[in-house]
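What follows is a pair of complexes built around chain A, which joins chain B in one and chain C in the other.
Entry: the complex of A and B
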């Protein structure tokens, strides 16, 4: 029998195997929980001072959010009651409430993959106010602008197309958070939060994850960018 | 003389008596169970009775269950009988030693093998028959309904929602789906991006939604009610939210729904590409429209 340089007892070898196994599991769990813990802020919509049963929500969509692990990805910033912007798509609204939304859109647009999403639905009055005009449909084929993103909560049947900025304007916002002195479109609308406590997912139907499979990877599948939740609470 | 272990064994007469008992108990239990499976549980088996496809699937599941339940019950009967009768007792410390028996083993192999082969044949036969038409037959279906009066419903899957196009109603597109009763439906299932799966559970329809492919499925509606549409092919973050509910309604209710949708949608229908069996997203990059295959930028029409 060949001689070994070091000979360890059975118990010692079993101990080494067990300890390295535990260390590996620990490392994996550390990674998973570290990933799960990092979640964008949750912003609570601001109670309206002038209207009952109404909350206000101010958001902006930027071509590049400017912060976080992927500053070049498209995404949303949401304003809290103190006027502070948070880079997130997680919003809390009360039940049985009219949610008044204002979206400042700073990204360039184009034609829709599915023009169906050009049609406004699920909002009060069936129309959105785009730059001061009421619209039931937003033209996705307008040269230079088109639609940049769509704000869609499938569970509440809300669809709002967001008109794009012409990408060649001088004051185009290169990186977020953008401010109103830069080129933007303004869309405002209201929808009803419904009578049930529920977490509604919302998403964009413009495959805006450039460079990802079918445009639907990356920001399209990331909370804080083009994927989010509307938490309807008591 | 070598000393052998002396297990108590049955005489062949005793063995035959036990075999007859086991078979008799099993037979009674299996007949009762099969009657319950077929007549009591059967009518409630998935996917229900809303369409001919659902009924076909339910019939198949009933047949498979009625064949399988006696096999399971035979094992249980044998097991319980052995525990009760072959155990050790006052006159012996050990239970009985069960020896192999060529005839019994051969019978077991032959019976279970023919059951499995029968079910394979039955399943194949049922798939070729109309009962398989809800499963998505690809672009050129081997089975077509005898009638030419088909309601055409195009199912367009996209990340992460289904929309429906209705070529017989001006090519409109809707986010909801209603179907008229007593109508043969042709589902044309396709996708604008990755692979999804259109699963209209209670309709007995389940067809993969592949980009650049028209997967045809048929079903005839026979009962009114609500059905669930679910994506059944993991397709990304909101795959779990990719579902909606549809309704089978009376023919007049359907017609008034479809006509009002057609009117409501007129403005957006104008923006849609020409109706086609498959579409190719634009080569222009993110967004950019979907067009009939072979016309990726919509410049040919």
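Entry: the complex of A and C
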């Protein structure tokens, strides 16, 4: 601390100013790259070995099963080429490609506020395969099940409702990532990734932010939970 | 004069005591404040978890707003305790008479990190505080423009983008309310009115120390998921948000208390502490700007605080006053917020006009044109600002019959604003202007405000408002009025008053580089936003139509140049202040203002004796004008400028 009568030389003052500027810039860079630019993993879809021009994408949706910074938040997981699950909603797919998606739904469902969310659109053939059955619309009012979440890419007009697990089952998944021995439903479908490089925003439209007003908070807008991007790349 | 400020009564003694009454004791400063504040936060958070940890809402969402809010409350109390701000009131409350003699004043840089009752130190604390807040919010603006370089490639996620937008808007709109009153009002008003002190130095000092607490808490929202509601905090978005919203409401509340403290002090000082002869008709324009703003703050800010309190209750105690689904009304918040929010726009604009009308006659070398009209303009804007807030709600479902009324009142406000504008033009008319850096910024204020003001008349009209509501057109309008007017005024004031504050004169050459780059880049950034708005680009979206990409890229590149220009200012300002220190002659602008007559450094207690005011401060070019005041020169380089230097 400078005291009365003590003055610093010009060089010392210049040094302090330069160090202060460097510290400020360091702090700013840390804020940007250490926090604001931090994001979940990006998983690249796996090239299909059986079909040309097709990639496979395997995902699961977990309930509030105690993982990550927000253990009470529902979230998507994506499997990489090595079979490892990543809690993320950031997916990379090639341009001009059929994306074949399989979603394992481990969360329970319910009736919908908006019946439009039960309709399928934007997928190949206009139908999804739900537990082995082709459907163009999923019944949101089936007793015990209903719809848990939706998979929607507005930019590609893709909407897929995800049928929920029956609430009375005994073997609910308790911690993510869940495995196939636990209660789940399976939905598979395919869509075309488009002819241009683009970053498509996607998200679940069923309000599933448990504990938030009308369910529209927390995980709903968070990357790695119920909102993400489809990066369509060359 | 209502109060005898002679030395014998002791009332007018220059205030410089620290520690709020503790003569001897621990050396309290900002660092002890942060330490005790952190402990207070932990205590409050623990208490909140103990109280509300079992709420169903908390269990469900995993967030405990009660704990966060109590943490903020006790953290702030701890911060104030650690700074020594509460010593004086606590001693009074417990029956201990605080010492009345002045403790030794801290020397060197350390005095700027302490609670001090010296209005000049508080002014400088405010100056650097405000610059830090402004540059932080400016960096966030750069983050916004980086994202908007492309409609398809993303630098930030959508939620992060909205966090950044909310932080930028809130920090600018909330912290910059004090950007003139804090650094310039506190330092200059006592000097301008011939007072040895401010009326309530403890309130003045506390008003500043609210701001770093608010800044840290607001910034902490970024680490807590932010608040996607933006600076307006509309319900129900603000109710369903994560704990970042608590940081928004609490920091805004702290700033509200800061504004009230500051405004109370400013009002009482100007009304009661004017020197003999300082009639209302001789009051400098900056002081007029301060008192009109202070009254506006006193009447509007409490309404905001009530609204924030309601929001805090909804979020923590699970009341439902702002949520229609449970019997409340989001209109309640909208009205409470905008009853503060629109006068707030003038809290930002009026001080800017105070600065430019203060500086303009000095460089025009002629009296301020139509002084009384100028004062009428300020009072008119302040009064009318309370009758226009519903124009923000034209599209909210309000009673349509009310729209014409609020359209009319909003259009009416262009009349007193026009007074202020025309006063500026009249002062410049046939003057022999000197184009020093402060004057360049003043002229830029009038240029920029022309765009902001005229588009303001358009957006107040219901048909146009309905068309451009929520678009970049509105954003361009308010950036022209606030950044184009207020921040250019602040820059003018910084260049103008640096000799009085620090005894240095900033380089004209560097200043002109700063001015021209900032002026061109500012207009290049915000003028195209009018076009973007009319082409249909909505605010607060991080993806936009592909056809708007080129305009957005132009705006982003211009914004980066604007950011570089401001960074250039920051670097050269600090460098000249701390390293090269180019010395300034006393009163380098040959101002008649009383504040310039005391010399540098401004003496302790401002004046040896209370001056007697003999004439107004703007009698330039009048060979028969009296000196502005009769005063005893006490500064080492005091300068007495008599009227009529030409």
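The criterion applied here is as follows: the second predicted complex is superposed on the first by the 198 of 234 C-alpha atoms of A that agree within 3 Å, B and C clash if a C-alpha of one lies under 4 Å from a C-alpha of the other, contacts with A are read in each partner's own complex, and residues count from 1 in each chain.
Here is the rule we use: contacts are C-beta pairs under 8 Å (C-beta built on N, C-alpha and C of every residue); 3 or more make two chains touch, one makes a residue touch a chain.
Being a predicted model, the structure only gives us computed values, none of them experimental.
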If we overlay the two complexes on their shared chain A, which of chain B and chain C does A:165 touch? Say first, second, both or neither. neither
Is A:111 in contact with chain B, with chain C, with both, or with neither (first, second, both, neither)? first
Just chain B (first), just chain C (second), both, or neither: which does A:119 touch? first
Look at A:210 in the shared chain and tell me whether it touches chain B only, chain C only, both, or neither; answer first, second, both or neither. both
In the overlay, answer first, second, both or neither for which of chain B and chain C A:146 touches. first
Considering only touches as defined above, state whether A:201 meets chain B (first), chain C (second), both or neither. both
Chain B versus chain C as contact partner of A:17, first or second or both or neither: second
In the superposed arrangement, which partner chain does A:45 touch: chain B (first), chain C (second), both, or neither? neither
Kindly classify A:227 by the partners it touches after superposition: chain B alone (first), chain C alone (second), both, or neither? both
Touching both chain B and chain C, residues of chain A: 201, 209-210, 213-214, 216-217, 221, 227
Seen from chain A, its contact residues with chain B in the complex are 109-116, 118-119, 121, 136-137, 140-141, 146-147, 154-155, 157, 201, 203, 205-210, 213-217, 220-221, 227
Provide the residue numbers of chain B that touch chain A in the complex, in ascending order. 156, 158-161, 163, 173, 175, 192-194, 236-238, 241, 244, 265, 267-268, 271-273, 281-282, 284-290
Which residues of chain A touch chain C in the complex? 1-4, 6, 10, 13-14, 16-17, 20-21, 28, 31-32, 35-37, 39, 70-73, 197-199, 201, 209-214, 216-218, 221-223, 227, 229
Over in the complex, which chain C residues touch chain A? Could you list them? 57-63, 107-110, 139, 143, 152-160, 164, 222-223, 225, 228, 236, 239-242, 323, 325, 543, 571, 574-575, 578-580
